[in-house]
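Following this line, the structures themselves.
Each of the next two complexes has subunit A plus one more chain, namely subunit B in the first and subunit C in the second.
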Partner chain A sequence: MATTTQTTVPPDLGKTMQRDMLAKYYGALETANADGVPVAYLFIPGNIVELTQCFGFLPVYPEINALQCGIKKVAGENIIRAEDLGYSADVCGYVKNDIGLMLKDRQSPFGRLPTPDLLVCNYSGCNTFIKWFEALAHFYGSEFFLLDIPYIRESEISPGDVAYVVAQLKELIARCEARTGVTFSEARLREILGYSREAEDLWVEILHLARERPSPFDSYFEAVFYMAPVNMLRGTPESVEYYRQVLREMRARTDERRGPVPEEKFRVVIEGPPAWPHFRAFWELFKRWGAVAVASTYSKVGGLYDQGVRHDPSRPLESIAEYAMNGYTNWNLAKRADLLRRYVEEYEADALVIHSVKSCRSFSVGQADFRESFVNELGIPTLMIESDLADPRYFQEAQLRNRIDAFFESLTQRRLTGATA
Partner chain B sequence: MIVAGVDVGSTTSKAVVLDDRRQIAGTSLLPTGANVVRAAERAFREALAASKRDESEAAYVIGTGYGRYKVAFGDDQVTEIGCHARGAQFLFPDTRTIVDIGGQDTKAIRISDRGEVLDFSMNDKCAAGTGRFLDACANVIGMTLDEIGPASMNAQKPIRITNVCTVFVESEIIAHLARGEKVEDILRGVHLAIGSRTAGLVRRVGTNPAVTFTGGVSRNVGMVQALEERLGVSVHVSPLSQWMGALGAALIALERVEGGAVHRIAAGGAA
Partner chain C sequence: MSAPLGRVEDLRSLVEDVTFPRAREWKEGGGKVVGSFPVYAPMELVHAAGMLPVHLFGAGGGVEIEAADSRIQSFVCSITRSTLELGLRGNLDAFDGFVFTNICDVARNLSGVFARNFRGKTVEYLHLPQNVGSGAAVDYMTGELRRLLATLERMGGVNISNDALAQSLRAFEENRALVRDLHEIRSKAPWLLPASEAYVLTRAGGLLPKEEHTRLLRETLAEIRSRSSRSMDKMRILLLGSFCEQPPFALLRAMEDAGCYVLDDDLALGLRFLDRPLAANGDPLRAIAEGFVHGAAMSSVCHTVRPKTEWLLQRARELQVDGVLFCTAKFCEPALYDYVPYKEVLEKADIPHLHVEFEEKMTAFEHAKTQVETFVESVMFG
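Let's look at the complex of A and B:
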């Protein structure tokens, strides 16, 4: 690894590779039904893709499809299609995007999506997940498996909770065997988990590089691309190689003291999902102030790897269970607030930015309290802004710009005078 | 030498011309209308005319308000949050909290003893509790904006207005009128509803006295009274409160000149 930065790294290697990996993945999805490849729909937070992979299932992540539709600017029309069917304005934009896609014969800008053979509702802190997959099970007539993931109410996970999830995983294994005719192989699962673990180790190493000044990458606006393989395509040699290459790119950027903005003026921690339908415009509002996210919680929705969470081939089902419980939104509010505070300290951030999205209650609950305690108790400047992760109608650029400009103006002024909150 | 602040708001555009002794030499106020660029230019020229000073004397111009990026002749832009803070602290040096109610925005701003913005909070993406809310209520009752505040102060039994929606409040008022409720009681209810909503916003940043009330709605005496009642403290209001953003912008412009900033572009795109 010592020589990796000596060879030239193509610009945006990580993003290019990610795009190619996703193109290949969506290509495989397009022919899955016709090729007879079983398809399992999963949710991202704490997903159990290693397990379904043992049975040859291709994973489909409706949340990822929704954010891709957001970026490709078609989420708005999908959402309206779902509303025409009767879904209310208050229902999550990701759900409505998915229903809208289904109503359009699953035709997306990244290819036609396959129907599910199995819906694994790895319910994790979000009640909407259950209703979402119940609706899909109804529409598709597919098999539905509810994997009940206990919410982390205490500071630690209890052994009872792990045993509870492991018991359900065993039940799921039996269901997968019956559906695919493939006999479960623990050796195969251990092999897959080994790849997951390796990718996770590398990803954490990358995330920690944001402690550098300047940070070599934006831990929100760029990390959301880099995190895709570790959230979706774990357990493959390709995902391990991907993170080797991204680490190489980030080390090269660190060596060259190159970051995502020409001059890093503000280091911020960002809480909440991005405004996917206006991603570039949203990022620009921060870039123009030289503001760089050095840590974010959204990049931990899949799993809190940087907090020591790992898949472990020596404890296959137990580590899958622990991982499933350690998605960011499955943590209680006190743990979330403590994580945010530690991010501000460890990454030497100037401020916290909370992007509250209308769709996602798992995220937005408690955010007003975070704001209040950060400003009034911890004295950490905190900005709270609102829009949505899927519905383009909730993004009011002038109002967002006003808040963001005023916030960085005040940080600039306070830096000059040394005033504290 | 003079400087200017041009505040292009959603409803009105305001400008203030300051001389180098921090004296206000001229002001202007006009509806923003559809052509934001022209409104900014007109506001600046009218304030210049009122000050009887020539544009060539203008050393620095700062644009503020929603249309700040349309102040094409300006040297820089500063948000109205920063400008209201600067203006309020200049007029009332003991100000620690600013409540600004404008045409479509309500803001609560906490500032330091030196006028630095420490925290702020704004209404969500809806005009409830803003000037537009009052506008809608005045329209449905058939009074002008200037009349509703004093009228509300004659209330005997304020009606509780439950609607927070600027559109639906109209039908609520019509229902109260149909029931024969008195106009002044309804109006008092409207003002108290905005006062409550605003007080909630202020509590997010802390109600630290002294509180200064700025923005167009602060001209409404009924609103001043309702806000004081809901906040439980008296508030400063200046006759210049509608120009607070423009005044703050002009003060920041003057500080920039004193700090060595140089004027770059002449007004009206002449440069």
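Let's look at the complex of A and C:
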């Protein structure tokens, strides 16, 4: 475990590298339309960026743009602009943020976004994705491809599901060839998938380090940041190098017994997306109790790599299909609840925190139900709080603070009673 | 206005009865009952298994949400909360199984909530193909139907033969043809059949044994055709957005009373979902799959290769409507998303439209009625 690298790892190595990678990425997006570089809009869960990369497409992820707008505090105005167009107060804030961006000529805090040449709606784990890209197809008039990814409705994936997705991938390849004039090369796809797999292996190694005490990083509030390249920019040597360096950084932190809080007092598993528009404030509500997330499900929406999911150069299309089905929100509720239970055990967590968000019913419907089984059947202390991942209007800080404080106070009390019992 | 058909009032009571008397009767007779959550489910298979297929539509305001409140958040549509409430209160005890499909994230997850809360019952979730442009969609859906068939065989301890399937398909096709006739009458001669009556007659098909409903439709169609009512000067509208959760009956009546002929709608759409006759020969499962992939009704819950906005304009022109009325359930994301592009193309085409939002528990219709009345006045006399 001990390494000799700790003194040579610059602080915030991963953050600095990622900042540069994203600056380069957004820079390329800014000139893509003018440079004639084809642009494919994709969703994060189950995305097929390796395939579109074979044809030279630059990927745009509207969900990432939405969360970035949340962090940069411009989501609120984008959402209102979409509501003025006719979108209901009750639909997903990510969608409204994206429509709001479109309405201001795609000017974002990270540069001007390009228009899509192809909308690949990888419908995995979220039905709203279909409605979202149907709307974009309407407004942009762009070519639309619906990649239908069956929900994991039984305990395992069936061969029929894989065959269906592979058949669609072949149809998509033909569409991409027609669109770009580039002939598909399986050798090139295998090469790209090799990079993906390497980055995924490293990412899993990093995630597993949260089993340490103290955990070297917060597996929710920091993992959702570190996961960006494996979600967005897989299939590149840069992303492999990125995770190599992040692993180095995390190992150094482990060696120094350094974690995200001065003293790790509570280990929690967090379910649900973060409150992006109030990210710092949200994290602070946990930090002040010395609470560290040791596992989270939001960091698995882009792929359940820690559950063995991998891109595989020796089974290119089949492994893309299997990956696409294995995003967290594409798992049925029983599988999701079982994963949460295993996380609590494997990462020796003291409690489960459920952040229910209005925008994302895919995540949130069912949470209140399985909370009941965690508390009553499994005896796992569980806190359920509500706000939103996109809409700043739903974040009631004082109310959240009261709930979170009361929960950790009761955990403290439970510990004291347990110690004297 | 034609005199209401006597049986419509009886059927309306049946539709609004959240104790499911016909399902209980069937169960007491030793049969099995399978319920489906909207929008569409291939209930021919349930029929072929010798079970009673029942289309669930929530409680329509017939129960207070109490037990379900702690299990489903308040930002979720009424039908989801009330359907769970029915289950938790024991109103669905006569049911042996439930079928859910991928219409939205809420319905999808409700299947998981049902599986956890009603462990002795069978809960099947079907992922129906959304990429209907794919050459693989029919094969995939046939596989999904085969999976449902295997589940039903396990439930019933029976083998479902191809002949039994073909026979059930025929029974459903016969019924669907009559339902199509019913809706054609109200589109072409709405003075003969108000939409609220067509709705009740259609919805009863989700509660009664298929053969009984078919007989009832035959008799009723003859009665309707012999009515002597005449056309009145009313606003011709297309009603859209209620494909899953159903608006209160009184709201539909209020719309009609406000001076509208509802020429078409997507109420209880699952019972009118396969728009065209299915192939009569060959593998019955494949015929259903082909019907779904190539001929499903237009709705916000199924992707289409051709933009839905084009369909809307074409339908509005075919029916020569004076306006479109969007009647969407609160929190229903698919309908609320589609509303924006729809609204945009209607405005460009100069077709008036109005949006009314409803909930199951809605009790005051005055506001909605005034909205519709104002709409009618502005279009007809503006």
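Going forward, the second predicted complex is superposed on the first by the 412 of 421 C-alpha atoms of A that agree within 3 Å, B and C clash if a C-alpha of one lies under 4 Å from a C-alpha of the other, contacts with A are read in each partner's own complex, and residues count from 1 in each chain.
Please note the rule applied: contacts are C-beta pairs under 8 Å (C-beta built on N, C-alpha and C of every residue); 3 or more make two chains touch, one makes a residue touch a chain.
If you're wondering where the values come from, they're calculated on a predicted model, not measured in any experiment.
J.: Should subunit B and subunit C be called a clash or a fit once both complexes are overlaid on subunit A?
T.: After superposition on subunit A, subunit B vs subunit C: fit, no clash.
J.: A:Cys126 contacts which: subunit B (first), subunit C (second), both, neither?
T.: A:Cys126 contacts subunit C only, not subunit B.
J.: Could you say whether A:Ser373 touches subunit B, subunit C, both of them, or neither, answering first, second, both or neither?
T.: After superposing on A, A:Ser373 lies in contact with subunit C but is clear of subunit B.
J.: Please indicate which partner A:Glu386 is in contact with in the superposed arrangement: first for subunit B, second for subunit C, both, or neither.
T.: Touch status of A:Glu386: both partners.
J.: In the superposed model, does subunit B or subunit C contact more residues of subunit A?
T.: C
J.: Looking at the overlay, what does A:Phe55 touch: subunit B (first), subunit C (second), both, or neither?
T.: neither
J.: With both complexes overlaid on chain A, does A:Tyr298 touch subunit B (first), subunit C (second), both or neither?
T.: neither
J.: Quick one: is A:Phe217 in contact with subunit B, with subunit C, with both, or with neither? Answer first, second, both or neither.
T.: After superposition on chain A, A:Phe217 lies in contact with neither partner.
J.: Based on the superposed arrangement, let me know which partner A:Ser410 touches: subunit B (first), subunit C (second), both, or neither?
T.: first
J.: Quick check on the superposed pair: does A:Asn402 touch subunit B, subunit C, both, or neither? Answer first, second, both or neither.
T.: A:Asn402 contacts subunit B only, not subunit C.
J.: Please give the least Cα distance, whole angstrom, that subunit B and subunit C reach in the superposed model.
T.: When the complexes share the chain A frame, the smallest subunit B-subunit C C-alpha distance is 6 Å.
J.: Counting contacts the way the document defines them, which residues of subunit A are shared by the two interfaces, the one with subunit B and the one with subunit C?
T.: 368, 372, 386
J.: What residues on subunit C touch subunit A, complex-wise?
T.: Touch residues, subunit C against subunit A: 70-73, 75-76, 80, 102-106, 108-113, 115-117, 125-127, 129-131, 133-137, 139-140, 143-144, 147, 300, 303, 307-309, 330-331, 333-334, 336-341, 343-344.
J.: Which of the residues in subunit A come into contact with subunit C in the complex?
T.: 85-88, 90-92, 95, 123, 126-128, 130-132, 134-135, 137-139, 146-148, 150-151, 153, 158, 160-161, 163-164, 167-168, 171, 332-334, 337, 356, 358, 360-362, 364-370, 372-373, 386
J.: So in the complex, which bits of subunit B are touching subunit A?
T.: Spelled out, the residues of subunit B in touch with subunit A are 66, 77-82, 112, 114, 116-122, 124-125, 204-206.
J.: Help me check something: in the complex, which residues belonging to subunit A touch subunit B?
T.: Its residues touching subunit B are 368, 371-372, 375-376, 381, 384, 386, 394, 396, 398-399, 402-403, 405-407, 409-410, 413-414, 417, 419-421.
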